[in-house]
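Take a look at these structures.
Shared chain: subunit A. Partners: subunit B in the first complex, subunit C in the second.
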Partner chain A sequence: MTDSSSTHPWQDPDQKPYIRIENVTKKFGDFTAIDNLSLDIYKSEFFSLLGPSGCGKTTLLRMLAGFENVTDGRILVDGEDMSDIPPHLRPINMMFQSYALFPHMTVEKNIAFGLKQDKLPDDVINQRVEEMLELVELTKFAKRKPNQLSGGQSQRVALARSLAKSPKLLLLDEPLGALDKRLREQTQFELMDIQEKLEVTFVIVTHDQEEAMTVSSRIGVMESGNLIQVATPTEIYEAPVNKDVADFIGDVNLLKGIYKGKDKEGTQLLSEDSNSIVYATQEVEAELEDTIWFAIRPEKLEISKRKPSNDINVLQGVIEDAEF
Partner chain B sequence: MKKYGNFNIFALIVGFSFLYIPIILLILFSFNESRLVTVWGGFSTKWYGELMNNQGIKDAAWVTFKVAFVSSTVATFLGTIAGLVMSRFGKFGGRTLFSGMIYAPMVMPEVILGLSILLTFITLSIDRGVLTVTLAHITFSMCYVSVIIQSRMSSYDESINEAALDLGCTPLRTFLLITFPIILPAIISGWLLSFTMSLDDLVIASFTSGPGSTTLPMKIYSMVRLGVTPEINAVSTILVGLVALGVVTASIIGKRQKQQTI
Partner chain C sequence: MDTKDKKHNFLKRIFNGRNAVISIPYLWLLLLFLFPFVIVLKISLAQPIIAMPPYTPLFSWGDSLWPKIQAGLDSYLFLFSDSLYIKAYLSSIKIATISTILTLIVGYAIAYSIARAPKRWRGILLMLVILPFWTSFLIRVYAWIGILKTEGLLNLALMTIGIIDKPLIIMNTDLAVYIGIVYSYLPFMILPLYANLEKMDMSLLEAAADLGCRPIKTFWSVTIPLSMPGIMAGCFLVFIPVVGEFVIPDLLGGTKTLMIGKVLWGEFFYNRDWPVASAVAIIMLLLLVVPIILYQKSQEKAMK
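Here is the complex of A and B:
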């Protein structure tokens, strides 16, 4: 087994996926929320479902948790078909967007709730609650009620509660949506830490592309019920499959061009804006003279007063405006 | 602080006087020494003592209390279920019909409601008595409970229940451990409201009661027809006190609940 198979299990054909989503379709009346979607997620992955609101990412997550039925297709977790298993019997825990803390229970009782349902002895429960409170650094707040907590604290209680039962799979629905930017960035790293420490498989739903890029092992970009691209953050950034993905992820200069074939320098495009040939390292499946889009990441552009020594991808221009 | 204009203060005083002076007078005169209702003869609590010797009033009070207790308890149970169904089961077949039927007693004139319930009992040849009054009270107070529960559930985050299920709690236990304690204040205020409504209902009770099931409002009404006595003032004062207690408690519980959700 090579090293890459443990960090990139999706590249290893011998690896069995932990979650297998097979041709899943979900309809609400006439509206198709998920359209024949298939996806494999592997053990200990930090998988992000990324997309604009209404793309079906939350629906997919809720189907994994068992709150929505699958209209067609099936979902397997660890080889077991989940179709007929109600949410309270699934080995999956979820962290809700609204945190969904029980308002009438203290922080302690909230965290202990899942363990109590398993009828564990009291001392085991207390010890586990203690551990969880330490993990999220809330030991001092054990006796507080949820309405006495700040947003960040509530978020950590919700996380502790969903991790208390040591689930193999944790689903997170926009877990950091309600936090301000600074707290969000800090919590992202905490989440990654916890995920590595506990080796839990995380599936996270987010519309924040920066967040997805930071935390994920792989990202599934969704749009109107379909997965458009599933790849590592780097792959998605460097080689987005289409204009929408390119536009959605990071800052980008999107340009229209005409495909002129390829030679030893790379793929040749005739840019409509500059009316000159641009060479791309990436290959594209297109017919000659097809109109295609290409994207240039701003950090890949170099600007100099003197003409560079090489001849390709050089354009002359005038600086019209500058912004920090 | 905002300054109120003279007109506003005047309007407020007139409005509140109109509403509360009769009640205040009633309470004052219940402590009247004199037998004449409109002549003040000094402070005394003797009419409250008199009440204790009036078997008719005591019987009526006992009937009223029994009816109010049983009807509000059953109405709260049924109304809670109806409210939960309305707010949580989404669009089911016949939802509009169901909600219309729940709210009908609220908008229907009491006389019509009383009459139709009476006709039902006659058709089913059920003898009128404590049971029929209780059933009638359940019918009209249940809808108020369901309204209270429904409005509570509109601010209820459904993902709280999902979180409980997700943590391995069965649906029934989720209701008992999560939903029920959270909406309990609403259930209690629903109970108090139906209790007070049953306590002061005259019209429906008149239609549906039989011999031996005269309620307190009915008793007072029939006594008034023979002339107002200080005894009536005394019993009315007690009734006002009970109703006020119920309403105030219900609204305090409601406020507390709001603070908890914020």
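Here is the complex of A and C:
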């Protein structure tokens, strides 16, 4: 039980959330970017906000950082209401999508910038900067200016800078968006390593579902200013809450059917395409004869020339086309 | 045959369209800058005489086959013998420096507010900065006389409100010159600063705030260093012409306002000493070459 509460704090009613977003609404003029959203995020989580562009995920992140005011509702960090606290006084650091490195400062000055604001003694700052440079393996580049760095190096400087002040909460806005695929995959694991090592709470915004699936402890899937589903990657993959989530996460075959009740084999559906009964493991809240959508992950399909021995969920078909 | 071909190619290379286009600005500079400069230089080496033109010719043909060159540094030596000229140069540089700093402070505030204004307002605000340019410079400086003089608009307004009982003496002082210069040269400061501040990445300011930097400190440690190219451009665009400014100190300044532009004008029109006037102009140019080179250097650095 203790094990489960440390890895799944959201299942433990005794755990206090580290970030509490309470009925937050954000309006830009007439446009509602965030619509009455509530969410709890726990300590040391790697939480991903996932959704298409324009769904409000970046707005939510910017409200956590303090760059946008909350129109309605409130945000608590470690029990403290953040509403009237300007960004420079929040115990939160952010890694920007554009990295936002100061172009007139060297790598080490960029990393030291946050520490200098705390008026720490020089030797403490220098030591911390060295630690950070080692962490992101950029010691050799300490004296370079941002325009002399590659995309991957800039990304690591931005990460080092945002981690230098040992924030309890780090916000990452599309941190890997500007990297190519190979570098992105490598950096994902580096991020996870760093997050585990430093035990920082990470909230990451991404539109890349693969990235979210790989790195997150939990994912919040967003659409037009609302959270549609908040769950672990496995839960979201295996039991998406609706058709949009299913479609957004991973490859999927989406089919329409009619709900025919349930029995010991599972939920019974009459598939419109094959005109046969399909059994699903998921339960659904629906009336008999309702039209519902169901999804089959491609890797859960087995194909064979001979008829399988079991009777349920077996369909006959003709191979029309094949591609690698 | 071979050499003829080569020659043909050579001519073609010189007279192709690309070179023709590039040569236009060079021709322009040659005709309208270098040529007049050489004439002024020539006059500065001559002696003043009562004649038309009022200076000795550079070449004179006597009995000999070769022309005799009549050139001397008398005018230059004269400039250094009379402390008036050195004082005028120093005073010009002082006035230009102070008014450049004043223009920078006022201009930065305006450029910053325009750059941070909502996008749909920026064009209009910028237009308001440029609009006065549509009226003659001379008329705008004259208008300041009406505002600043003892019974002018400013004194009238201040006395009506009751802030002062006696009119302020601003007209015909250095203060009036500073007001006139800051007003007249403000657009030259605002435009390069605006161009710089407008394209500044706002996420840098957010990043600074995020790292715990107070807004005022962010301004000094991020905004100012990043707008340095704009500051340099604006300052030189104001400083260089203000050093040689004549109209503003002549109309708004008093007898005590000493500026090299006024001295130059006096030499030329009152004393009719063209060689000394030319020497004054040449020395002024040499003085300005230093900031111009500094300006070029800073632009090169900004381009990198």
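Note that in this section the second predicted complex is superposed on the first by the 323 of 324 C-alpha atoms of A that agree within 3 Å, B and C clash if a C-alpha of one lies under 4 Å from a C-alpha of the other, contacts with A are read in each partner's own complex, and residues count from 1 in each chain.
What we mean here is this: a residue touches a chain if its C-beta (ideal position, glycine included) is under 8 Å from a C-beta of that chain, and two chains touch if they have at least 3 such contacts.
All values derive from a computational prediction rather than experimental measurement.
For the composite obtained by overlaying on subunit A, subunit B and subunit C cannot both be accommodated without a clash. Touch criterion met: A:H104 reaches subunit B and subunit C at once.
Judged by the touch definition given at the top, the superposed model places A:N93 against both subunit B and subunit C.
Of the two partner chains, neither subunit B nor subunit C is touched by A:K140.
Judged by the document's definition of touching, subunit A residues 65-67, 86-89, 92-94, 96, 98, 100-104, 113-114, 117-118, 161-162, 165 lie at the interface with subunit B and also at the interface with subunit C.
Those residues of subunit A that touch subunit C in the complex are listed here as 65-67, 86-89, 92-94, 96, 98, 100-104, 113-114, 117-118, 161-162, 165. Of all the residues in subunit B, the ones that touch subunit A in their complex are 157, 159-160, 162-171, 173, 178, 181-182, 260-262. Residue ranges of subunit A in contact with subunit B, taken from their complex: 65-67, 86-89, 92-94, 96-98, 100-104, 113-114, 117-118, 147, 161-162, 165. On the side of subunit C, the complex with subunit A involves touching residues 201, 203-204, 206-215, 217, 222, 225-226.
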